[in-house]
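Both of the next two complexes hold subunit A, though its partner changes from subunit B to subunit C.
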Partner chain A sequence: MAGLAEISEAVIRGDDEQVDRLTKQAIADEISAKNILDDGLIAGMGTVGERFKAHEIFLPDVLMAAKAMYAGMDNLRPLLIKEGVPSLGKIVIGTVQGDLHDIGKNLVAIMLKGAGFDVIDLGNDVAPESFVETAKEHGASIIGMSALLTTTMPVMKSVVECVEKEGLAGKVRTIVGGAPVSKDFAAQIGADAYGFDAANAVDRVKCLISEN
Partner chain B sequence: MTGILQFMPAEVLPSRDAVLENQGIAPGTVVTKEIDALCRTAIDVLEATAVPVGVMEEISEDDFRGIYDGEGRNEPRTPVADVYMQADHLALFAVTLGKQPEAEIAKRFQSNDFALASMLDAAASAAADRLAGLAEHRYERNLRERGCVTETTGVLRYSPGYCGWDISGQKRLFAFVHPDRIGLILRDSFLMEPLKSVSGLIIAGLRNIHDRPDTYPFCDRCETHGCRKRFRALTK
Partner chain C sequence: MRPTVRFLSNQLLEDIVGEARSLLEKLGIEIHNPGILDMLGDHGAKIDRDKKRAFPGGEIIDKALEAAPSGFRLYDVEGGETHDLSGHNVHFTPGSAAINVLDYETGGSRRPTTEDYVRYVKVVSRLPHLSSQSTALVPADVHQNISDSYRLFLSLMYCSKPVVTGAFTIDAFNIMKDLQIAVRGSEEALKAKPLTVFSCCPTAPLKWSDVTSQNVVDCAKYSIPVEYISMPLSGFVAPITLVGSLVQHTAETLSGIVISQLTNPGTPVLYGGSPAPFDVRYETTPMGAVETMMIDCAYNEIGKHLGLPTQAYIALSDAKLLDAQAGVESSMGATLAALAGINNVSGPGMLDFESCLSIEKLVLDNEICGMVLRMIEGIEPREDFPAQPRFEELLADHHLLISKHTRRYLRDEHYIPGPVVDRANHSRWLEEGGRTLGERAHAEVERLLGEHEPTALPGDVRKDLTERMSVEARRHGMTSLPHENL
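Showing the complex of A and B:
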């Protein structure tokens, strides 16, 4: 019988093969998909996130753990859908129009998924309307935007304005991040939150979801 | 000095410390064997995929003035403005690692190999910076061959988007240098494609003209003060 603590430990070690094997075993042992997810995979990633924030481990450690978690998620996904298990929240994320830098955005998406969120990644060079239309279409409550160029930061304001124009202010919250972006800029354009790095972005999204 | 610059992939390979530093790991930090292996793999992939190339055009002070003014968005005072007018020689340049490293990064992300993708991105960024340094050295060597370098000469590069020289300065820089010759294009947002590319101005003149205090108004917003490190490297 596969223990959930064992799964959690394998995630922390970034051992994707072991996570794959243990989640399959847990499913065979008829442990519910939600339990495996919450007490195995997400619990492991939670520990990894805390250790990263405490500077005990480094970014590659987090990303190896994320790969391990995804190996488990691949096994659980059909069951989670079948059992109708809701995610912590749905987030639309992308790098804004005119910008192709997506490493930072990818890291945020990976860590949000690791924390149990449902992430719709629109990629890079995303038009303001696409963020909002996708949020409406999928019932997402958060839009996350990334920019690495000062010249593309104004697009973030356009997205916030587009949310307001569609009458979604308060229902769909916005969070911004990226090297040239600051907390002051976020406030200036009316964004609901600013994440200074991937781990912080996850914390901010959790706050936004709980406020909703 | 004018034309296309060719480089070997092995020339641009970054050090282990430079790659790890781009991952937020300070030089000298002890890391796990897994992280070390990732770093080695990333550098190997980079060597196999990078096609480093550049373009360079010498430019007069008068011609550069028009390019520097760009779209009129520079800070009122900048190191470049303060330095270039004291220069003996100026050259505009653009360098790129080519498209393939980015394709490799995207491929790794798509296959959930996040740690390697991120490490490869860090390695490519460090390599692009190293490539810009090689272009700078190439120009210095050319000046030396022409008898234009003395013991007091300092050659240093500056890029739009940094230290008050607005990123929009790239538009006129590209119009002068024509990096499309090496497959490098500039988007309307002033984003260079491929992403792992660097453009800028190389200034050669008395070493001390580069010694600018980091007390410009925008220096308060700078987290690295890397200009001081670059100047110190120049004086070694």
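Showing the complex of A and C:
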């Protein structure tokens, strides 16, 4: 019988082949998909996050772990749907209109996926309506925006206003980030959260989702 | 002998350039600008329009390199020559486009205003070791669509040094070019005496955005000098190794040279960059990393080998305050840059990954630049041989303080820093207030501001610049410009 602790360990080691094998085994052993997800994959990623923050491991190790986690998720997804387990959360993310900086946004997207969220990445130079329409279309509960230029930060406010105009305030929460962005700025424009790096983005998104 | 530093053997250098050329030919460069793809196609480059890729082969690259000048000069607002960007000549310029300014009073960083910008340019105008100004802050008290051109406007109004700058959009280039033509009087006069250098960035890996590639083309049309700022981030969007990052930097920069030189053969360019290893703990791009400096010096060798003048973001720091880290990283970078002979060294004043400017740091860095500029003059005999007469004089008089030889060479042989760098004995230092470096730097900032005198820019040109900037501001709904209230 495949232990869930073993799955966690394999995620932490970034061993995607083992995670694939062990999750298949666990499914065969009739452990519920939700259980494998929570106590195997996500538990492993939780430890990875802690170790990353403590500088015990580095970003490439985190991404390897995320890759291993995806390998497990691929096996679980059909069962989770069948068991009626809702997705951890759907997030639409992009760099705002006029801004071509996407390195930080990409990293945030990778880490969110690694934490088990469904991420729809709209790329860079994204118009405000596009964020909101995509969120509506896919039933996403979070919009994440990135800006690296002081000149493009105001677009974030337009997105927040657009969310309100569409009557989605409260249902779709907004989170912002990027070098010129701050907690104060987020509050000023009425965004629901701010994250200073990719690991922090994961924490903040988890908070937003639990608040919902 | 000029002291120097080298990081690449001839063989390694050749290998890096060879690999970069082969990447351009085989993998190509992605260019999100149909006009430029057409232009490269017309010159015989293979184009894949669907993938937005051009594959410039060896012949086109050679043609571009041959057309690129091995150096060029810059001229100040009044038309005087300030820079000979060629050979191993070294010029320092403040770092560019900070998001924040470090506020001396509060000790914290905050968004800059027009007032901060004007203080900054007035100080730069008095700092002898910074031969140009840069549009180092982005004032937050004007409409965001004019915040790039407005910086240039303020620079031209308050300081006569040439300006290292850049546009944030395709559109902004127009007014930024018009302001320069207004200063020089005509397009021809601007071509003859370049006033600015535009920073234009390829996107790692191997890509040009619509905006930045169009800026390259527009600059070339007016013979406005461009510095290419390729930013391989080692281990993230570039190979983890320094050699791999250099291959990428070389390919991206060569592609920029091709775009410029095919647009207008002979247009002045700088072989520049702002590489960094990606910090895998903090998710940042450290400009003060020793590997950043090594890559900078190494691509400078490649640029020189290709016969081009060079640029780098190197004399700056990632510290958040004007502290020891700020001094260490900035001086290490400045020292290496000067030894390497990087022609346009960007960085002084800058903190926090190029995102915060400290005016106090600028005056400290000016002294660092003074030291390293002295250093690269090297050690040369100055009436030192034969040595015997001087030592006879010393033995007879017991000192050489008033010797002719001392008085003749004192000021040339020794760089005398201060008032930021402190060389008082301990008691005197205490008696004079026991001030910290930050306090001394701040006092110097205030002193320099008090000394400011308006530049010799004629009144009618000032009026013309103001009128053009006001028209641009009105286009974005601003009826007045904040500098009018200073």
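Throughout what follows, the second predicted complex is superposed on the first by the 212 of 212 C-alpha atoms of A that agree within 3 Å, B and C clash if a C-alpha of one lies under 4 Å from a C-alpha of the other, contacts with A are read in each partner's own complex, and residues count from 1 in each chain.
One rule holds for everything that comes next: contacts are C-beta pairs under 8 Å (C-beta built on N, C-alpha and C of every residue); 3 or more make two chains touch, one makes a residue touch a chain.
Given the structure is predicted, the values throughout are model-derived calculations rather than measurements.
With both complexes brought onto subunit A, simultaneous placement of subunit B and subunit C is prevented by a clash.
In the superposition on chain A, A:Ala198 makes contact with subunit C only, not with subunit B. In the superposed pair of complexes, A:Ile110 makes contact with subunit B only, with no contact to subunit C. Contacts of A:Tyr70 after superposition: subunit B is touched, whereas subunit C is not reached. In the superposition on chain A, A:Gly14 contacts subunit B only, with no contact to subunit C.
In the superposition on chain A, A:Thr152 makes contact with both subunit B and subunit C. Look at A:Leu100: by the touch rule set out above, it reaches both subunit B and subunit C.
Within the superposed three-chain model, A:Phe58 lies in touch with subunit B and with subunit C [touch as defined at top].
In the superposition on chain A, contact of A:Met45 is made with neither subunit B nor subunit C. Superposing the two complexes on chain A places one region of subunit C into the space of subunit B, and among 253-261, 397-405, 415-423 or 451-459 that region is 253-261. Subunit A residues in contact with subunit B (one complex) as well as with subunit C (other complex) are 58-60, 98, 100, 103, 107, 149-152. Within the complex, the subunit C residues that touch subunit A are 99-100, 111, 138, 140, 144-145, 147-148, 168-169, 203, 209, 211, 233, 235-237, 278, 280-283, 353, 355. Considering their complex, residues 14, 58-61, 63-64, 66-67, 70-71, 97-101, 103, 106-107, 110, 149-152 of subunit A touch subunit B.
Against subunit C, in their complex, subunit A makes its touches with residues 55, 58-60, 98, 100, 103-104, 107, 149-154, 179-180, 197-199. Of all residues in subunit B, only 23-25, 31-32, 34-35, 38, 105, 109, 112-115, 117-119, 121, 161, 167-168, 187-191, 193, 195 touch subunit A in the complex they form.
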